[in-house]
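The following pair of complexes shares a single chain, subunit A, combined with subunit B in the former and subunit C in the latter.
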Partner chain A sequence: MAVNRRQFLQRMAATGVAATLPFSLVEISWGMGKKPTTEHESFTFAYISDSHLTHIKGNQFTRNFDQGLRKAIMEVNLMSPRPDFVIYGGDLAQLGKREELDHGLELMSALRPPVHWVTGEHDFYLDMGKFWEEKISPLYYSFDHKGVHFVVLNSILTYEDWIKRWSTPMERMLNMARLDNPQGSPFMVGESQLQWLKEDLAKYDVGTPVVVLSHSPLYKIFKPWNFWTDDAEKVQKLLQRFQRVTVLHGHVHQVLYNQIGNITFYAMMATAWPWPYPVSYVQKPNQVPKLTVFMNRADPFHERDGTGWDILDMDSGAITNHYQLWMNENRTVAFDFKLEHPVDLKYQAPDKRIPPQFHY
Partner chain B sequence: MKSLKTWLPALTILALTPLAQGDEFTDEDLKRWQAEYEKVMEKGEKLFHSTLGSNKVSCDQCHPNGANTHPETYPKFQKQLGKVATLREMINWCLKNPLQGKPLPLDSDEMIALEAYITWERRGVPLAPGKH
Partner chain C sequence: MKYLARVASALVLGVSAVNAGEVSLPQKETLLGLPPVPVPKDNPLTLEKAKLGKQLFEDKRFSADGAISCAHCHKPELAFSDGLPVSEGIGGQKGTRNAPTVINAAYYKTQFWDGRRPSLEAQSKDPFINPIEHGLKSHDPIVQIVRTDPDYRKQFRQAFGLEPDRITMDHVAQAIASFERTLVAGNSPFDRYQYGGDKTALSASAIRGLAVFRDKGRCVSCHVIEGSTALFTDNQFHNLGVGFDKIESRLPEIIAAYRQAKQAGKEIDETVLTQGEMSELGRFIVTGDTQDIGRFKTSTLRNIALTAPYMHDGSLKTLEEVVDFYDKGGRDNPMLDGGIRPLNLTAQEKSDLVAFMKSLTSNRFANLQSNKR
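== the complex of A and B ==
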């Protein structure tokens, strides 16, 4: 159900949330380091992801997850200046059901800026993306905005023999939906999409800022939870010739950032629930980026803790990521042109970190 | 109270019983006990990945492989409960709140199975009672 203006104002008055909203964005200027060689206008966009709307029965959905998405939509609508567009980062649904995707579209229809969609595995594996493609968006595509080239990839494909292993579409969906499933299968972009990406990028000068939007991280963090894309190196290779590339991904439900060569990676917040860092599972080794200052350990007694959304701007010439953390202080992670990697503007130095950022 | 005379024959038998029948066990016993544990742990693994409440949410959605449950830190002070709580009490808190379900009796087979799974996934980590 979309929220009308009156309900919206009532809710805002009731919660007093208006006072904490990011009505103005912090301008960040960089006095040193390499700047992009092509000009582009400054602009902002918002990123909402991983809502996992869950159908119970009839018109009932899991309340907690509905509330997360509703809150993000309300806050994006209050942004001033208005973001040029919103990226939805995937996993709108929990089990790819038509009821869940329809419900998601209804909630998302309240958003004022236009939306660019990225599909997630929870949206995809019931009908292999059929409903998504017919009613929501192509599964991969690109667009240009104010001098920046945006590429949307469907990075949650997997191997054919795994797809054919299951007796029903729902059995397949449930096996993909379980994050810690020992019978899971790694994500990949796949050869035909890699060929498309190669052709798509060929038209652009090396100085063009490129932003790649994928659901899974386009690097390898932790295979047992599919914080992983099997052919990530092939994608990275195609992006290598550009001076400034940023990958924005969902899926991991946590603050995570990394730098590999010329590519900066940011994970976006989930509106539904936070996931532990793989370092918290001691039975298997992980490759969690050392660069990341972890988000606060979530307090389960606060339903929205560890969740949120992101505002991104291109003011510095690279992406600056403003994590909107509902129960914690917001964090800003920006590209440092001197260090050539992203840094948290407050917590990056080890002596600036606070106890809840230590996970075990 | 029964007199010593009544007990004497029984005590005599006990005294004559070889010590070997006390607490000696074999590799077979160890295997059987481990298998019994694993059976319960596997039941817990299934429960942990099932929708135990009323809203289709399962434990593993927030805690893949039981991560971030920190069984080694219990009992510990939970400020929202205002007391030192056990892991089982926190499992019930999760069943009631994020899963919108009913709590389990603390000594139920299901509760013991959930505890067996959660602690198995955290095996090898030193005990740290009270830690936050």
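== the complex of A and C ==
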């Protein structure tokens, strides 16, 4: 009977609502199963993507999209341990306007860690990446961090004749921004960038962990929405000789992951809005990865549902991806060294799939 | 004679004559506009238990200085709140949060402003051993009293069929929770208008206010009204920016201090009521999820005219101030809920909204409203 205050509260916490440990208080669990021989210093980085900041007029911007980015930035700044850097995954702007990119830079300046930038088609097709290159970042480049080789690709290029087809830059931008556009054109990396990639990778031995950062997925899911990179196989071929390769991409605004040969793919969350899965929305053929456990269909009446950002742990050449899902339970997808593909730590087995959400 | 007159006038008005000071099980009439009271399977609601619960609720011996009962901050004559911005416990110590009314608390899915307890039973135990509320070191003195006090011995036997030496703190909590489940009240002018078929129950201004509440004001998104009942809460947690200015500039440092405190084994209940800055972290303190920073539970609006001041820190004095606060879109911050945005309400719309909220006072407690206003 003699239960003191401390014991009482601890018992309550063990059985009650306070049982969940925040990410930041637990020792990071690196990967799963047997680790390969590659050794490098483990580290954490964050990934924010697809904010689609939309200019209205003057200094007015769509409030909802601003708020998504502001929230992600504040949450990244509160991470413990502090991430080594942040990747911005593209589509900072909605229509590539200078006002939008400037506004995005201003909001992003609140981030404490340094940022590596990936361009998206919404940033690019108004001025073909001119402002981005001048004020923000090169369109493709590489860097090394604690033994890992990072490559940033501009994967949202397309065919020259399509680019020249439009009478104004804004007409071009609007046509690239549209889903299910019969006048659309598929993304690609292009020959000159492939040549650069080949030369860039040549300097590294096969044991070096490689992380490729692109806006569009470097594989083919659904062409009418440009969940697609036309020359993806050529990129994959250049990456084939490495033991451990991960591709991180934005663009699809949903939880999505895949394994093709030696390459692990993760889609990152958007801060702006969620897209549905093509397979659940259209009846046309599409190749949504079989490995993926779908996220809950977002509640259209809640402006933050189905959006978020990602925390990534890098260890033994593989990534553990913590999806930070606003208004939904966070999820962690980790590379399983026994199965050689990513696994949702909680929901992989069919009988453990996510129950439908109940708010509203 | 006075009593008879009151009964007579109640009968004339066609309203229930329940006296707020008496314990009675929830009646159909009292619940107009409310769903049945949720009662846990392991704590069936009986009149004996509720009456016992009332006595426990009012017992000042369950405190370090013999001066504090539950009713100290949940005063029946102040609609089971205390009228203060933040509550005062033993030795006049101030907490960090506004005392929520017990009326209709039975319908919340979680208790406290940050939802840190899942039930009335669990909630009722915490204040006794919080150093700035009842200030006890453990629940033992309470159990001692109920096991030895002849009146309590008798009542526990009646309510639970228990021999005195078998009484535990869980039984005390069950009795208090049972009493709280009798403090439910619908049947407001709004309920009679909306669910009772009495189209004369609301003033023209309140009817206009209801329209603003549903449409332009967007209040109903969180303060939910449904087809046959209205709880006026979504049981969720939202960031409106209330109190956020106190922590925003130093947020990383405050979060770091919180994480240290948590790792050192400090308890939530004590932390939030003694550390002003950490208290403003709201729901985050419970989940550890950064998206919950500055989020607090949506309060019901039932009997809201009786429970000023408002918000989790009691920072808004009147319903007019509350409406102004929402009209401005809360207080801007990076964690602000997206649904909170400037409303551009007219003066008329604002006063209509206030009239509507004043129509949410249950007939059971209507005497408190007329006394005050």
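Here is the rule we use: the second predicted complex is superposed on the first by the 316 of 360 C-alpha atoms of A that agree within 3 Å, B and C clash if a C-alpha of one lies under 4 Å from a C-alpha of the other, contacts with A are read in each partner's own complex, and residues count from 1 in each chain.
Here is the rule we use: contacts are C-beta pairs under 8 Å (C-beta built on N, C-alpha and C of every residue); 3 or more make two chains touch, one makes a residue touch a chain.
Quick caveat: nothing in here was measured; it's all calculated off a predicted structure.
Chemist: With both structures fitted on chain A, tell me whether subunit B or subunit C touches more of subunit A's residues.
Modeler: Partner with more touched residues of subunit A: C.
Chemist: Mind working out whether A:P276 is in touch with subunit B, subunit C, both or neither, as first, second, both or neither?
Modeler: first
Chemist: Please work out whether A:V247 is in contact with subunit B alone, subunit C alone, both, or neither, and reply first, second, both or neither.
Modeler: A:V247: touches no partner chain.
Chemist: Where does A:R304 make contact in the superposed view: on subunit B (first), on subunit C (second), on both, or on neither?
Modeler: Touch partner of A:R304: subunit C, not subunit B.
Chemist: Taking the superposition on A as described, I'd like to know which of subunit B and subunit C A:L92 touches: first, second, both or neither.
Modeler: Neither: A:L92 stays clear of subunit B and subunit C.
Chemist: After lining up the shared chain so the two structures overlap, which partner does A:A232 touch, if you call subunit B first and subunit C second: first, second, both or neither?
Modeler: neither
Chemist: Per the contact definition in the header, classify A:I56: touching subunit B only (first), subunit C only (second), both, or neither.
Modeler: It touches subunit B, and subunit C stays clear.
Chemist: With the two structures laid over each other on chain A, which partner does A:A334 touch: subunit B (first), subunit C (second), both, or neither?
Modeler: neither
Chemist: State whether A:I319 touches subunit B only (first), subunit C only (second), both chains, or neither.
Modeler: neither
Chemist: By the touch definition at the top of the document, which applies to A:K71: first (subunit B), second (subunit C), both, or neither?
Modeler: A:K71: touches subunit C, not subunit B.
Chemist: Do subunit B and subunit C touch any of the same residues on subunit A, and if so, which?
Modeler: Shared contact residues on subunit A: 63-64, 301, 303, 359-360.
Chemist: Can you list the subunit A residues touching subunit C in their complex?
Modeler: Counting only subunit A, the residues touching subunit C are 1-6, 8-10, 12-13, 16-18, 20-25, 63-64, 67-68, 70-71, 73-75, 77-80, 301-304, 324, 326-327, 330, 359-360.
Chemist: Which residues of subunit C touch subunit A in the complex?
Modeler: That would be residues 110, 115-118, 122, 125, 129, 136-140, 143, 168-169, 221, 234, 236, 251-252, 255-256, 259, 262-263, 265, 267-269, 286-291, 293, 334-339, 341 of subunit C.
Chemist: So in the complex, the part of subunit B that touches subunit A is made up of which residues?
Modeler: 49, 54-57, 60-68, 70, 80, 93-94, 97-98, 100, 121-125
Chemist: In the complex, go through subunit A and note every residue touching subunit B.
Modeler: So the residues of subunit A in touch with subunit B come to 52, 54-56, 62-64, 94, 178-180, 224-225, 273-276, 278, 280-283, 297-298, 300-301, 303, 359-360.
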